[in-house]
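Beneath this line is the structure, given in structure tokens, with notes to follow.
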Amino acid sequence: MIGANLLGSSFGGVLAQIEQTPFVRPHIDWHAVAPELVLLAGGALVTVVDVIGLEKVRRIIPSLTSLVFLAAFVPVLTLWNQQGDLPRVMWDGAYVVDNYSLVLKGLFLLSGYVIVLLSTNYMLEGDYYDSEYYQLISASVLGMLVMTSARDLVSIFVAIELVSIPAYLMAAWRKRDLKSNEAGLKYMLMGVFASALLLYGMSLLYGMAASTKLTDIAAALSIGESKPIFTLAIVFTVVGFGFKVSAVPFHTWAPDTYEGAPTPLTAFLAVASKAAGFVALLNVVIIGFPGQADVVEPLMWVLAAATMTVGNLIAIRQTNIVRMLAYSGVAQAGYMLAPLAVFGDRPGQATSAVVTYLVIYAAMNLGAFAVVIIAARKTGSGEISSYGGLFNYAPGLTVAMTLFLFSLAGIPPVGGWYAKFEIFRVLTDGGSGAGVSLAIIAAVNSVFAAFYYLAILKQMWFMPAPDGDHSRISIPPSLQAALGVTVFVTIVTGSVLIGPLSDITKLADLALP
Amino acid sequence: MTTFLPLLATESPVAVPGIFEIVWIVPAIMAASFVAILLFSKRLSIPAHWIGIPAIMASFLFALAIAGNWIAYVGDVADSHDSGGEALAFVDGDPELAAASADDEHGKSIGVSCLTDDANHADDGHSDEESLAPAALGFVEEGEAPHVSPCPVVTQVTWFENGGSAASGGSDIQVGTMVDGQSVMLLVVVTFISMLVHIFSTDYVAGDRRYTHYFAFLSLFTASMLFFVLSSSTLQMIVGWELVGVCSFALIGHWWEDKPNSDAALKAFLTNRVGDIGLLIGMIILYFAAGRTFDIRAINEAAVTGAISQNTLMVAALCLLAAVMSKSGQFILHTWLPDAMAGPTPVSALIHAATMVVAGVYLIGRLYPVFYVGFDIEGSTINPLALVGGITCVGGGMLAFVQRDIKKVLAYSTVSQLGYMVLALGVGAYTAGMFHLFTHAIFKACLFLGAGSVSHACHHSFDMKADMGGLKQYMPKTFWTFVIASGALAGIPPLAGFWSKDEILVGAGVWPGTGGNGTYYLPFLFGMLTAAMTAAYMTRVIWLTFFGRYRGHAHPHESGNRITVPLIILAVGAVFAGFLNVPKVLPVLGSRIGLWFEEMVEPAGIATFPVIDHGKPSFSLAIVATLLALGAATLVYVYYKRLYAKDAMATDYTDSFVAKNRFIRAGHTLLVEKYYLDHLYTGTIAGSTKGWMAQAAYWFNQNVLDGFIDRVGSGTTATGRFIYKYIDQGAIDGAVNGSGLGASQSGEILRKVQSGRVRQYASLMFGAATVLAAVFIIAV
Amino acid sequence: MENAFLQDWGITLMVFVPLVGAVIMMLLPSEQEENHKTIALGTSLITAAIGFWLVIDFYNLGSETWSDLHYVVDRNWIDIVNARYLVGIDGISAPLIALTLLVVPLVIIYSWNHIPEPGNAKAFLILILVLHTGMLGSFVAQDLVLFFVFFEVVLLPMYFMIGVWGGENRLYAAIKFFLFTLFGSALMLVSFLALYWVTGSTTFSMEGLAQEVASRDIGSQTQWLIFGGMFMGFGIKVPMFPFHTWLPDAHTQAPTQGSVILAAVLLKLGTYGFVRIALPILPDAAIDWAPIIGGLAVAGIIYGALGCLAQTDMKRLIAFSSVAHMGYVMLGIATMTDFGINAAIFGMVAHGLITGMLFFIAGSVKERYHTLEIKRLGGLLVQAPHLGWILGFCVMASLGLPGLAGFWGEFPAILAAYEPAAGINQTLFRVYMVIAAIGTVLAAAYLLWLLQRTAFGTPSEEFEDDPHIHDVVLTEWIAWIPLLILIVLFGFVPGIIFNLTDPAVSAFLPGGTP
Amino acid sequence: MFLNQFLFLAAILFCIGVYGVLTRKNGVLVLMSIELILNAVNINLVAFGSFNQDIAGQVFALFIIAVAAAEVGVGLAIVLLIYRNRRSIDVSEADLLQG
């Protein structure tokens, strides 16, 4: 507790202070917030079109939404192009547009685009409300965009809730499906609970720093020693984000929700939502907690080690592919957490390693889900055994899935290896015991991971089709496009485009004061 | 101590005949013949011998030309030495120095180095300097006309480089030909015998299933053997050595449809492989000891000059001895050779009697300084070489008594005679060993081909007791050639074998007045014993085959010309070959020919060869040995004559152990036939050896040695199976599989945490948060 | 001077042309089998044409420059880790590249009428082409990261080849192969990184790292550990005893083409890694490790041979023999002498040709008899004389008969063990030498035993009148003749390879000839 | 006034809330317990803001109130959905998804 000798002052004083300060409209850099605005306007447009057109426009809503995402991507590019103006700081440093946030905005927009592609047929062919679904996705992605620029506890909180709340609804989208209900319920309850814990931590942070801005918090925490209250605040904050990124032991909701939720939404949760959690975690840890690296690093070490190990071990026993991907995603989160266990000395490197991983992870995991969605169109099942004989009747799909799985397993030349390579590089650089030991744990885990990825490959390539049905799978255009994009990105990030990728994700600017 | 005299003989140059540089053509012809037969014979329907025989004839003629040139060359070098060489023998014209060096200890100097000049050879094939003879001079032994040999003529090219080229300090590995007395001698022998065997085979294997293959492999064998013989480096020798082995493998297993044949082939190859371990290691030791070179001259010179320690040489020589034992059928690695008779008879004649099996002997001769110095042959009474040779010649001879298969008798005889050659080299009688190799090749080829001829007439059976007898009248040509060759083998004067055998016995240095390199009592004893035994068992063979009455069921007839002509040629050789090297004291021949073979073959006065003593021939020894042989032969002849007088058609007058036991049980009744047999045995040397000793030796051979090899074979296989089953598939694999299983099981346990109940999830989340917070508050 | 076009584009084209072919094939429907075969063969021939042009041009540069890298292309790749697209050819890699260029087209020719069950020529050939790129890339890469990437590229197609087109137990074999190799490469990657950090290098280029290590005072313990990581990575690939257990399974279960490529090229990646990476970069650690490597090598020789003796399956026997043969290669490497390493490289090529041939034969036997069980076979020479003689020839070559290629991998390695490089225990290596020499006898034993049981004798009743059993067919002849000729050629003219490798080997050995 | 008193109150509320989340089976009650935690947070923020003479705390609290309303709205909707399909709002009965 903060020292008992401190006296609180009256609320009156605060009010007086407000009265004395005349309101001045803060400067708004419209270009800098253009992506968010475009998305917001687009989302509104989709709603309006939906309301006006009803059934008639149902078929064009997905296309419209995807166009909105692409439109929002344009200002990201223009901002990136004006490197000289970066970083664009607004609201006294609470909202920052820099390379880091632009890369991630791009990532979220493209992920959103792919998710829309994945959802199109799923939603059209199921008996669901689809227009609202796209509006909710737009809202969630908007939250993500905000998250990338948020440098203030309030905006981070708002962003994370903006990401989450639509997702709660979407998880329960198949409203007559008990599993979907349950998925939504669990996700919602756990999410709200985690938010509450997060907020409690945040409130303590605010108390220490007397400011919600991360830079001020960093200054307050950089007193060279650790106080229990700091630790408490940090742990609760991290727990909140740990929930979003499904770190062990806060991951429990993930497999259940993934399995029960509509598969495109699962992809969304596994990729975009998780990435948003990481963005929040990065923002808070890298900017806010460098002064308390002594606490944060071991904490992250424990979480990373537990996450990758537990995720992999449980994944080995899964029979449902979505659940397996869920646990695999948990394990992947463990790898992504790992750089934060050594972030104190080289925050820039750690940031770029995590971002690199996020980019590649997005491509390969979305790709894997795309295959799952496509395969489910024929088999109607999520069991791994239903993938038997896939190679015989859908060789292209099998090869694509193989690429994704190899990428997830970290085998060159597809993307995943480079992502892991970056992680290892950060961990072993400098040769600290903690880093190297975590690297070894990660290496051992990679071998475990190979077990279950191989199990899928085995089914696809080597086993006969369980029902002997060798009719071809028809892949609708939107799914073809999604597959194409993800395959392309997965391949090039691991081979020819490693150079450009590493240039783009060389994002030390988050770590700068 | 021996000292090295750096003598250069540039003043009396003798041109090296150009033909020596193209001797590679001889093996090349045969190799081409092999390829041609393989590729064209079947496709173009050309009978294989139309390719093989012209090729081997060309090779033979070429070999003769080389031999002629060599003879002339030796003469030229000797002449140049006689005319101006003597002065050169004294360094700086100081006679005393040379005298001193000639006198010290054994009164010998080493001779001229053969390495310096031949560096030119390798560099540049046609300069004038290069064609100067490395005319050697050097050692002068009191009271004897100096015997001076030319250096080996080496022509080589770089096979490959190692550690950079020779110029930059690395070692070039050379391949090439080496022409000297020894190689020229064997060149002639191989092509000659091979040619006759080719001709013989056209009749003998006519109509065979694999006539083409047969001739192809004959060609390949000849090429390989010549490649081996002409080797200029030890590495090349290894190559040739193994290539002849594989040809032997293929030809022993020529009729591979039957398992015993392929078994025999495998046995031959594997036994040789065991010896090859020694060959490889020995050559490796010599390579490093001689300063990283495979060059035979360099190794020999290093051995002679003492550049390699005697210990090293001994180890190397012991290793090489293992190789010799396997290839040349010495005890205890000889067992493959009798089995190798499973191959066609002409092959037995060519490969398993005349040529390939002497490769081991040839190897000893090629690296004679290594053995000579390594085993300290000079002035000793026993050494491994002589001992192995001695045991082999007696052991092999004894075994020959109990065979009823004519080829097996000859095979054991070959073993015995190879032992003789090794014994000769072991006691320091180099020329005697080589000469015996030479004569043996001729008469043993004759014997084998004779046996082939006999079998050809008897439905391809080789069983002397069941299917032969009395063939004398049916096939006189075969009979007479066989008898002549047997006489040569038994050492009956004046046939070829007599001369060579006599020189070996002289070389042992035991008989009074013979001198020699040492006093090898035991080997001498073995030698004498073998001389007697050889005569005895050959008499037995002749009797069983040609005398008495025909016991088989075929209609024996004399073979055709293509079979008998080679026999006759060889028989003529068996009569006259011995005269090439006769003691100088012999009237008429002694002065005309004398030690011509020795002069041609044995190097002297050059540093690649040790200075060895020569025994002085002894009439008394010759007479005693001859009487011994004749006596033994007579005894056996008489015994069989009497034996078969009882029942000329008996196919199984057994010489067996069981019969001997019955004799013991029944008592000493001379009148009982079997009694008579055993009595005669016990009463004579032949008898006693033929009794329990030979049986025991054979039993040992078949059961202990073979059994040992079988046991080793099955033992290794069992070990392999064990290791594979338990260690490989059990432990190592198990560990890998186990770790996977462990991971999987722990996953199963962890999965229980995922109960599906949201309140437990929340508890876990909050609990973990609290624990983490507590831990970090306390710990940090 | 290098040809200018080759200098700029030679290697890159050679490496990636197969990939282009694979992409073209992907776009064609799989029903057009003939087209696929034609494209695959064409691609591999184009690759071979470019590659052999390179190799010949390289040969013409003259032996004094063979120790240097040629046709070097050095481009930025992953700046952030200083990994570069750095490729080149020198005397060590040239023979192996040539081997790869030769083997792949032959395998494709063989595939013309030997597409294994369950068919799908398109996928099968695409995998071969991808393998081709991976193998060539591994041999030309001069940057550790690039090497690692190519090294791993090889893994996948082979995994599928075994798993899809393999024998009855293919799943087990494929997964075992995959896990073993993955484990090895993980350790290898860790050592690469460790090397990079420990030296504080600014480059992953092999040459650069070697210089860094030489110029810095790095603790011998550290070097030892780093070498250990590489040892595991390469050793598993070789495979060295006791990491070999994946090999018999993989070989046995793989389709013929897979076995051939596996034996001919893939195993070489491990030994090549030693010669190219581990030894030049960490020579001191290599000296420390030499007794262990040598010991495991001779253990492998004996063990592999004993394993062979226990086999009842022809293909498995051949597979086990690889363990023994690679033992000689590793023994040569462990001696750290020019003779030994030259022998090792020769051994790689020779083993590639010979064991590749043996697997071809095993495949053809399997195709005819539908079994490879040794005791059911017999009389091959009666029913398919040419096949039988070729088997005999390869057996002879494989047991190290002088005059054929196999000998030059064995004998010089044994010879080198007599006097290993300075700093290595001589007595120990002489013991190794003797054991290795004994191994030659065992090799002869199991190989001849194989020959006797399969080729000699008369056919069993089961197959006596089987009309399927025919002699060698045209595609087999075309695929095999080049290999057979090379086995003889290299046997009699070993200088073709020795002279090529020698300058490069001598250049990196400490102090040249010890 | 002492800051401690507010913080203490907040801590008690937090604990009650957590207790409720962990023990209640009724979905609505769980949501209400979460509201308690959020209120604890709000008290913290306002207290700190006042103590530090900073307006941000109160602003943050307002945001939390607004967002909490949305959360609860969504939460109740989902609980209602569950009730419709299961005729029960006992959260511990929802265990179709596990393992």
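To keep things simple, chains are lettered A, B, C and D as they appear, and every chain counts its residues starting from 1.
FYI, a residue touches a chain if its C-beta (ideal position, glycine included) is under 8 Å from a C-beta of that chain, and two chains touch if they have at least 3 such contacts.
It should be emphasised that the depicted structure is a prediction, and the values quoted were computed from it without experimental measurement.
Colleague: Taking the mean of all protein CA atoms as the centre, name the chain whose own CA mean is closest to it.
Modeller: Taking the mean of C-alpha atoms per chain, the most central one is C.
Colleague: Does B-C or B-D have more contacting C-beta pairs?
Modeller: Greater number of contacting C-beta pairs: B-C.
Colleague: Cα centroid separation between chain C and chain D, in whole Å?
Modeller: 65
Colleague: Take the average of all CA coordinates in chain B, do the same for chain C, and state the distance between these two points in whole angstrom.
Modeller: That pair's centroid distance is 38 Å.
Colleague: Where the CA atoms of chain B average out and where those of chain D average out, how many Å apart are those spots?
Modeller: 100
Colleague: For chain A and chain B, let me know how many angstrom lie between their CA-based centres, rounded off.
Modeller: 81
Colleague: Quick check on chain D: which residues sit in contact with 2+ other chains?
Modeller: If we look for residues of chain D contacting two or more partner chains, we find 21, 91, 94-99.
Colleague: Give the residues of chain C that touch two or more other chains, as numbers and ranges in rising order.
Modeller: 179
Colleague: Could you tell me which residues belong to chain A and also touch two or more other chains?
Modeller: 185-186, 189, 193, 197, 255-256, 317, 451 - these are the residues of chain A that touch more than one other chain.
Colleague: Which pairs of chains touch each other?
Modeller: Final set of chain pairs in contact is A-B, A-C, A-D, B-C, B-D.
Colleague: Touching chain A in the complex: which residues of chain B?
Modeller: Touch list, chain B to chain A: 740, 743-744, 746-748, 750-751, 753-754, 756, 758, 760-762, 764-766, 768-769, 772-773, 776-777, 779-780.
Colleague: Quick one: which bits of chain B touch chain D in the complex? Just the residue numbers, please.
Modeller: 751, 754-759, 762-763, 766
Colleague: Report the residues of chain C in contact with chain A in the complex, numbered from low to high.
Modeller: It is residues 30, 76-81, 83, 118, 120, 122-123, 145, 148-153, 155-156, 160, 163-164, 170-171, 174-175, 178-179, 182-183, 186-187, 189-190, 193-194, 197-198 of chain C that touch chain A.
Colleague: Write out the stretch or stretches of chain A touching chain B in their complex.
Modeller: Touch list, chain A to chain B: 185-186, 189-190, 193-194, 197, 226, 228, 231-232, 234-236, 239, 243, 249-250, 252-253, 255-256, 294-295, 298-299, 302, 310, 312-317, 448, 451.
Colleague: Quick one: which bits of chain D touch chain A in the complex? Just the residue numbers, please.
Modeller: 1-4, 6-7, 10, 14, 17, 21, 27, 30-31, 34, 37-38, 40-41, 44-45, 47-60, 63-64, 67, 70-71, 74-75, 77-79, 81-82, 85-86, 91, 94-99
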